[in-house]
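Okay, so chain A shows up in both of these, paired with chain B first and chain C after.
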Partner chain A sequence: MTERLGLERVSAGYGESVILDGAELALQAGESLALLGRNGAGKSTLLRTVMGLTRLHGGTVRYDGRDLARDPPWKRSRAGIAWVPQERGMFPSLTVDEHLTTVARAGPCTVDRAYDLFPSLAMRRSSPGNRLSGGEQQMLAIARALVMNPAVLLLDEPMEGLAPVIVQELKGLLATLIGQGGMTVVLVEQHARLALSITARAAVLERGRIVHQAPSAQLIADPSTLQRLVAVA
Partner chain B sequence: MTGGAQIAEMARPRIEAMAEGLSTARWTLTEVAFWLVPVACFFLLSDYLVLGSQILITALFALSLDLVLGYAGVVSLGHAAFFGLGAYTAGLLGRHGWGEPLSGLLLAAAVAALAGWLTSFLVVRGRDLTRLMVTLGIGLLFFEAANKAAFVTGGVDGLSGVTMWKLFGVFRFDLGGKTAYAYSLVVLFVAFVFARRLVASPFGLSLRAVRENATRMPALGASVRSRLVIAYTIGAALAGIAGALLAQTTQFVGLDSLGFQRSAELVVMLVLGGAGRLYGAVIGTALFMIAQDWLSGLNPVYWQFWIGLLLVVIVLFARGGILGVADQAMAAWRRKAEP
Partner chain C sequence: MIANFIGVLFDGIAYGSLLFLISIGLSVTLGLMNFVNLAHGAFAMLGGYVCVMLMTRWGVPFLATLPIAFIATATVGAVLERTLYRRLYKASHLDQVLFSIGLTFMAIAAATYAWGPSQQPVRLPDLLRGQVEVFGLQLGTYRLFLVAVVVAITFALAWLMEKTRFGAQVRSAVDDADVANGVGINVNLIFSLMFALGTGLAGLGGALGIDVLGLDPTFPLKYMVYFLLVVAVGGAGTIRGPLVAALVLGIFDVAGKYYVPQVGAFIIYTLMVLLLIAFPAGLYGRRA
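This part shows the complex of A and B:
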């Protein structure tokens, strides 16, 4: 198996601040990872660093064996890394359809396929981004990433603030996507159990460093370790 | 696969998607009716065809600014640079023995596009105020260059002696302005169809997305800079065509075609009609120029007073220009209609 995404002693942050401090991580093609950790541990910053949206103080971010240091965010996206940010990032006046067609790239996930995955979006095709509910926005943010047919999908707390029934729907969908095995998926999630139940591996961040790595099944079967690593004390 | 090849591969489907987007947007009945108005004017208002041609040409110029300002969000106070460049290109061709109109338009577009592309790298840097100053500066540079190069451009006296051949070898540019009007209308319409498709294409949508959430676009694979460069270059090319039309139909190029006032008035017309909606450019231009014609007839000295007042009122009380107000009125009327 080849390495798809690799972080080597990565230190990064915003301006002078250092939030990631020597993070090490390696992901194979098609692998799924739950990225866990307490608030402020650096989970979102890690995803943003892969995307090129933070200041890299040291270390290397590798994608398909290539150092990404000089690539601006748009090149990383073009190369196949997609990121679903926590704040969703809708375009207020663009319709659901326009959100998707603007960024769609050739591949198995066409715009029509995305509508199959999210039937509730299909019904709101011509609604502008600022008229969508929180759940619909989150689905659109994910659908928008999927139609780019990425090799790596970075999801930053996609379940946050959603109604339980929608969380279940999204969970099932993510499990399906991960099960297909084509994409490398990194899922940042506050609900550790939910994330562990659909991923193969888990990594725990603490103060900007990966402090524990284990198969998800193993971690979920070991509540005391899980409690120690991620519980909000 | 190397990074470059991979990126090239990623870019290919986008171009296909773009071509697909071009054919999607449908024309509404209102739009068809809108375009029948200038056609009707040709037959009904044959005494006003000279003014009519000026309006159509300036509308094309405003349309080109709409792509730059309304869609790409780049404020420019120097757009006349490209208008003037197109005008001088077509004018010089006509003066020096090549009077074929269509090839003149194309060459003017190419020259203006090249100038637009070269200067775009200066313009897309920085924010609104920087851009305002840079475009203003570039406009002044072109103006003074043309002023200084009087041996080519005629300087303050203007470029005269422009001789145009018959359009398609059939239609002579007549004094009544029939050919000029029809020619300008067709060129404006073709440019409008192009602009309309462009803004509905994924490229056009991504421009809108950049304007609404610029920080989000790069993470979706769009280089903001390259998009603005393309939009600015296309805007320059269309402005060049407008300038060439003026040179060809009046067979004269004045130094004022590059002037600051032309740039500034254009912004006024666009804001008046409503920026970022294409039709606003045409409507704003028509109203501005008809008002200008009428008011300057009433009082040749103080007519700008009323234009100034109109502008202040529009900006303060009618956001989105005339079309913005029309939209709001329609929405209010619909709410009333369905209780």
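This part shows the complex of A and C:
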């Protein structure tokens, strides 16, 4: 197997602050990872660092064996890393359709295919991004990542604040995507059990460092360890 | 009396159109890059000098100088954006003001050195001189031409921003530059292109405006307040806001100077104060 994404002793933050402090992670092509950790542990910062949206103080971020240090975020995105930001990153002055067509890249997931996956978006093609419900915004953020036909998909708490039925729907969709094995998926989630139930591996982040790695099935079968590592106090 | 009033109104609209054409680039740099570019008028001046040089030295016809003025100032704008402006996007507004006011005085000195301190003449083609009768009113042909050009450019800009993929990318960068960058949009390139477009339009406005605004090395200072007013009152980052603001300012300025010449320029400053109190975020404030 070949390494798709690798973090080596990565220290990064915002301005002078250091949030990630020696983070190590390696992901093979097609692998799925649940990235867990308490609030403020640095999960979002890790994803933003892979995108190049933080300041890298030290270490390397590798993608397909190449150091990304000099690549601006848009190049990383076009190289095949897609990001679903925690706040969903809607563009208020773009319609649903424009959200997809401005970023779509050739591949099996066309804009039409994305509308097949999310029929409720298809009905709101010309609505502005900020007029959607929370669930629709989340779907649009995911659809926007899928039409890029990425090799790596970074999802930052995609279930946050959604109604239970929609959570189940998205969970099914993500499980299918992961099951197809074409994409490397990193899923950041507060609902640890949900994330563990659809991923192969798990990593736990604490104070900017990966402190525990295990197969997801093993962690889910060990409630006391899970409790110790990620339970909200 | 009525005909006279309509004539003044028309002159005001022509003047306002010109202000809009020149100021739209300032609105872009403020709305997109959050940059206060006090040197914007210097690009308009450059366009004016390009036009005059081409006509007097090489005998290029006036109409043919206009696209060249656009391209020349857009190119200079793009180069300066890449080399200088970009470094100050994250700087404080005070730093930006100091930088761009310095650039303005350098432009004034350079223009004085190159072309002397006097007003430059422009000889309009016969076709655009004199008056034409429209619905029984005598209107200046050149001013009619000005309004037509600006209307056409406004529609083209609106189409570019609202209907094209490039326009959607620009809007996404205005909405959230980080996220736009993170979803594969080359925000830096968009900034450069928009800066070039804005300075190019200023250059075109400077060339078109020689007959109305005049052209000498003090141009960037003389009109700085007008351009800033258009953006402050209209709101940055939109087309509609500065358009309405420029027309209102143009009409009030021309009407004020015509009907109450003693008060002169006082009128528009009063108007500015009133509008800013009534609409602190601009007529169509983007970031409400």
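The rule is simple: the second predicted complex is superposed on the first by the 233 of 233 C-alpha atoms of A that agree within 3 Å, B and C clash if a C-alpha of one lies under 4 Å from a C-alpha of the other, contacts with A are read in each partner's own complex, and residues count from 1 in each chain.
Going forward, a contact is a pair of C-beta atoms (placed from the backbone, for glycine too) under 8 Å apart; a residue touches a chain by one contact, two chains touch by 3 or more.
Quantities reported herein were computed from a predicted structural model and do not represent experimental measurements.
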Fit or clash between chain C and chain B when superposed on chain A: clash
Partner chain(s) touched by A:93 [first = chain B, second = chain C, both, neither]: both
Touching partner for A:66 - first (chain B), second (chain C), both, neither: first
Chain B versus chain C as contact partner of A:118, first or second or both or neither: neither
First, second, both or neither for A:74, with chain B first and chain C second: both
Superposed model, chain A: greater residue contact from chain B or chain C: B
Chain B versus chain C as contact partner of A:101, first or second or both or neither: both
Colliding stretch - chain B into chain C, listed as 127-135, 163-171 or 181-189: 127-135
Those residues of chain A which chain B touches in one complex and chain C touches in the other: 51, 53, 72-74, 77-78, 83, 85, 89, 91-94, 98, 101-103, 105, 144, 148
Chain A contact footprint on chain C (complex, rising order): 165, 168-169, 171-172, 174-176, 178-188
Of all residues in chain A, those that touch chain C in their complex: 48, 51, 53, 72-74, 77-78, 82-83, 85, 89, 91-94, 98, 101-103, 105, 144-145, 148
Contact set on chain B toward chain A in their complex: 3, 6-7, 10-14, 16-17, 21, 202, 205-206, 208-209, 212-213, 215-224
Of all residues in chain A, those that touch chain B in their complex: 51, 53, 66, 71-75, 77-80, 83, 85, 89-94, 98, 101-107, 144, 148
